[in-house]
Amino acid sequence: MRPSGRQISDMRPISIETGVTKHAEGSCLIKCGDTHVLCTASIEDRPPPFLRNTGQGWVTAEYGMLPRATNTRTRREAASGKQSGRTQEIQRLIGRSLRAGIDRLALGERQITVDCDVIQADGGTRCASITGGWVALRLAVNKLLKAGLVTSDPILDHVAAVSCGIYAGQPVLDLDYAEDSEAGTDGNFILTGHGRLIEVQMSAEGATFSREEMNQLLDLAEAGTAQLIEAQKAAI
Amino acid sequence: MRPSGRQISDMRPISIETGVTKHAEGSCLIKCGDTHVLCTASIEDRPPPFLRNTGQGWVTAEYGMLPRATNTRTRREAASGKQSGRTQEIQRLIGRSLRAGIDRLALGERQITVDCDVIQADGGTRCASITGGWVALRLAVNKLLKAGLVTSDPILDHVAAVSCGIYAGQPVLDLDYAEDSEAGTDGNFILTGHGRLIEVQMSAEGATFSREEMNQLLDLAEAGTAQLIEAQKAAI
Amino acid sequence: MRPSGRQISDMRPISIETGVTKHAEGSCLIKCGDTHVLCTASIEDRPPPFLRNTGQGWVTAEYGMLPRATNTRTRREAASGKQSGRTQEIQRLIGRSLRAGIDRLALGERQITVDCDVIQADGGTRCASITGGWVALRLAVNKLLKAGLVTSDPILDHVAAVSCGIYAGQPVLDLDYAEDSEAGTDGNFILTGHGRLIEVQMSAEGATFSREEMNQLLDLAEAGTAQLIEAQKAAI
Amino acid sequence: MRPSGRQISDMRPISIETGVTKHAEGSCLIKCGDTHVLCTASIEDRPPPFLRNTGQGWVTAEYGMLPRATNTRTRREAASGKQSGRTQEIQRLIGRSLRAGIDRLALGERQITVDCDVIQADGGTRCASITGGWVALRLAVNKLLKAGLVTSDPILDHVAAVSCGIYAGQPVLDLDYAEDSEAGTDGNFILTGHGRLIEVQMSAEGATFSREEMNQLLDLAEAGTAQLIEAQKAAI
Amino acid sequence: MRPSGRQISDMRPISIETGVTKHAEGSCLIKCGDTHVLCTASIEDRPPPFLRNTGQGWVTAEYGMLPRATNTRTRREAASGKQSGRTQEIQRLIGRSLRAGIDRLALGERQITVDCDVIQADGGTRCASITGGWVALRLAVNKLLKAGLVTSDPILDHVAAVSCGIYAGQPVLDLDYAEDSEAGTDGNFILTGHGRLIEVQMSAEGATFSREEMNQLLDLAEAGTAQLIEAQKAAI
Amino acid sequence: MRPSGRQISDMRPISIETGVTKHAEGSCLIKCGDTHVLCTASIEDRPPPFLRNTGQGWVTAEYGMLPRATNTRTRREAASGKQSGRTQEIQRLIGRSLRAGIDRLALGERQITVDCDVIQADGGTRCASITGGWVALRLAVNKLLKAGLVTSDPILDHVAAVSCGIYAGQPVLDLDYAEDSEAGTDGNFILTGHGRLIEVQMSAEGATFSREEMNQLLDLAEAGTAQLIEAQKAAI
């Protein structure tokens, strides 16, 4: 019934390759099926201005899409002179989610910027960015620990994200583009390694949904993020 | 325990005054406590380009904040040359929510733009914008019906929104600014007149949350939006 | 002969309601007929950079129009990415006019920003902004005086503005939109409480004008601003 | 008493050289003392969109300042990404003034753009732009007449502009930069060849002014523009 | 003597992997040592407006750099709101170079956009973009030929580019970043498969150069581009 | 054979008038045939931030074109909100070329900005800007020397530029617009007073070129820049 032939609770194949660029303090290329995102984490010695002299650090994120990551070419945001509302919404979400898994006092007065650039898109790019972004962040923090610049691990827990939705009347896990563009309701679920919730975003443009459906999607998301966290563990 | 002295499940006083500007096809000034939003609905005879010759209409929204709606003056977005990511995120949410309550074929090839301008802010401005925006939309559609330009009512149901969050460890309804800025977890809940869910957005920056807490917030939100819908009914 | 039935030297009804927002140091809602402008004055402790260490303060103004303040919806300037030439011209005029009534040394090294946001437009919005902006400024300065932050009153005099023009060949006072869009010559006149001139702007796009006509318009403006100043006195 | 040693009612030397660029349909280099402005008029066969099929034409103006036209280098507006409020205000004034001297029906459905670029500035650049811009416009219209593209002369009258102000307590004609930066009140006066008024802009930032002073400035302006119009006649 | 230990006329290892994204009509990942560029070619059915009804097509290029392609993070151009002068200069060069190898009439009225996105930078990114961009273009044109949409091959010849410079007083081939940042003179050389010149750009910021040195660099460039063209042939 | 009737190796008449604006530290109006460029050099006491405390100075350039410098009016860059890629490319070239003729340590910690504004264009505007810009720079540096602010002359040599190209199959010197728009290959050559090369930019959009042709163009350029340098010597 799913265009890909997957079962309702099947994730797409997950692959996380680390150390893919020589410059970044942390990096990985995450593939969730045909969605490929390059994630890098860059450490800066200074926190943003609003945190000076607070002892706290910051984690922020930026998101981009190569023009031909999509089925038809999308205009380059640098050429159109601004980031779209969608891009800004996504990068705010990534940053917020990653910060929820960080002890900012333990990080100290520095900033880590996680860049998530979509090389190829097939649905779920913001979720892949969060899951892969966490790996890049983990690796960058490992460098700080190794160098003795940070003494207590500021990473509180894993952070992973998956999208679920109601496709053809049925709750399904890990929407690809074909499903995403047809789903009545879809949602993004960001969870920790211990299954706590960081962010839940469910949205209906055509068909409204019930609390029961919401709970079914959450059940799927819990199972999906558990698999993503296994993949994170294997990668680092 | 709440700064305002309210009980956990108390809404702030709601007031919706309609017909507040002479030019707009529909308008209201909604007050949720000290949060005041002016909502207008403007009808245009043509749909956006991507809907030409589809028989369908569109509802979209824009959101703004007067510079001194806030405790300290905020820079005017027109002067800074762009809408912030937060503004874009909010206006996309308002538009998506209102469209979920509309039959776009019944609306026909026209566009209704709902402008939500915050005159005074005290938390929950995006929720007040949705609740008040729906009233402005309802009034504008009434005009179309009365003029015979639309024959079957395109409004499917009421749409109302409320924010809830975990403040001082306790789930509370209808956060004001004092609570919002301290809440570990907060969420926006958009529901229909029949209690169906349109959008759920829950987010934790400091403290993650459990499914049980999420369900408590949803219980509060169901009760809160029911009261908002009563106020909508009284206003129109 | 005037579309509104007014006599040549009739002002529209004036109403000035103060204290309309809880955050601003000074605020009012001014109504000149169907033109409604919300004016707020915000005090900042620091002067603009070019006045540091001069002992002088500054008064500046910003002007905006809600999208549906007008008969047909106007594009939101924040969305189009810049303030129009018209907007900039108006806010420069408001700031210049208000500064003409201020002793900047007495004000001391601080800045007061007067925001004038048009809620509903029916001609004469820049004049209403000046007249109402002065009230907001007066109230904010009163706060400084009361708090002892300023010891000698920096307000030198009232400032009020009215538009006059030649409509259907006849000089008339306080143009509304129907007149404004048809007037051959129109002008804005900004005067003090003692009837001194601060700014005179007369402009002919279609029909040029004589010095005699100019003097007739000035006579009307003197009478009109006197009434506006009475309304200011009543309001504060 | 004037820094330049001029009498109160002395204009600076005026020179208007025509035909200074080979491409433009009309052009001149106007020098009012040390203020030098290059004015070109460019004819386009189509009117702006809002005049299509109305039989009417349009005259518009743009204004610029070379970065080192001023005493210290000014940032290039093309580099800073936008025209300042001052620039926009000036070019709106130039366009409005020139249109007041044109019969737009006689011009027919075409647009003439008058570019005024300040090569060297010493006060009064907007006035020199109007006076020189009119010459460029006149020459371009002559070309249309000669080519038979326009049969009845659309130029109704000369248009010229001069600034006057109250310097050291005394009304003076044709302010240079040294006077302009010290004047309590200054004004721009745009008149026709027959002495009719097109635009009067008087403004006081420091010292307010009386109607009597206003009349003195107007007397000076009438005398000054008469001399400018003689120079225009000599040039064409 | 070279930081990398290479001989004066040694190229870095070249690798060109094709078909790296599933959406683009042509794509490759080119690696010139540690410089990695992802090149995609996107076909659009319509030519740019200035070529409508001329029978001719167009090839254009865009260039970008991921923020952490560089040693320290570079600000994202989409976030800063514009493409830098350097970016625009590079993408104009890529487009011009690729067009020099195309018969635009044979291509017909369509446009091919070549996007070159630098994943990792170590000097010579614009040259790698041209060499890799040609491969993506070749593959996209092959698709058009296979589909019968184009009947005669519009590709006239290979196009490849290499940078050479005078490093430590010595002409060297294929500068890496360590050399590039120290070179007194450096140049980019774009040649065809038959060794004809398309573009020569030599530039001295510190040390000027002689015609003899220029000829030495050209000799190196001829040898280097010959190797790049072999790599192109092997890849397709 | 050349549209202007010139011989293959004929330059257009060159004229360099110095001291053309009263404000700039150095200035000239250079005319290369019908290409007229106003060049000014402005001294600032502070170097750009990246050179603070290095003892070195900087020379930078900006380039602009008056809207009607061209045959048909070009849109004003200040109005369109950004400098085109072409403008940025040109001003980067001018700055780079002038810096190649400067000893930045001898200049000391200051910045000289050379503004090149094209009053009338007929091909070769960037070359005229470099040749004229050098004269303005020379004059400004003379002022520093005379004032004793700089003790050892930071100007190392003359810098001059000329364009050559292959027009109708024939290498020709100093392209005018009629030739430039038809040339298969064209190039810009920037040389010192001693005939050393600073920058060579050759480009083929339609027809590729051989090394022999490149050498012929260089021969022409050497002869042409020698004449330009004579004109520079005569002017200062």
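In order of appearance the chains are A, B, C, D, E and F, and numbering begins at 1 in each one.
To be clear about the criterion, a contact is a pair of C-beta atoms (placed from the backbone, for glycine too) under 8 Å apart; a residue touches a chain by one contact, two chains touch by 3 or more.
Keep in mind the model is a prediction, meaning the values are calculated, not measured.
**Q** Kindly list the shared contact partners of subunit B and subunit E, in label order.
**A** A
**Q** Can you compute the centre-to-centre distance for subunit D and subunit F, using the mean CA position of each chain? Integer Å is fine.
**A** The separation of the two C-alpha centroids amounts to 33 Å.
**Q** Indicate the whole-number Å distance between the mean C-alpha point of subunit C and the mean C-alpha point of subunit E.
**A** 59
**Q** Nearest whole angstrom, what separates the Cα centre of subunit C from the Cα centre of subunit D?
**A** 28
**Q** Could you list which residues of subunit A touch at least two other chains?
**A** In subunit A, the residues touching two or more other chains are 82-83.
**Q** Could you list all chains around the ring, opening with subunit A and heading toward subunit E first?
**A** Order around the closed ring, subunit A first, subunit E second: A, E, F, D, C, B.
**Q** Looking at the complex, which residues from subunit C come into contact with subunit D?
**A** 82-83, 85-86, 88-89, 91-92, 96, 99-100, 187, 192, 196-206, 208-211, 214, 218
**Q** Which residues of subunit E touch subunit A in the complex?
**A** Residues in contact with subunit A: 21-24, 27, 34, 38, 40, 42, 44, 62, 64, 66-73, 76-79, 81-83, 87, 113, 115, 117, 119-120.
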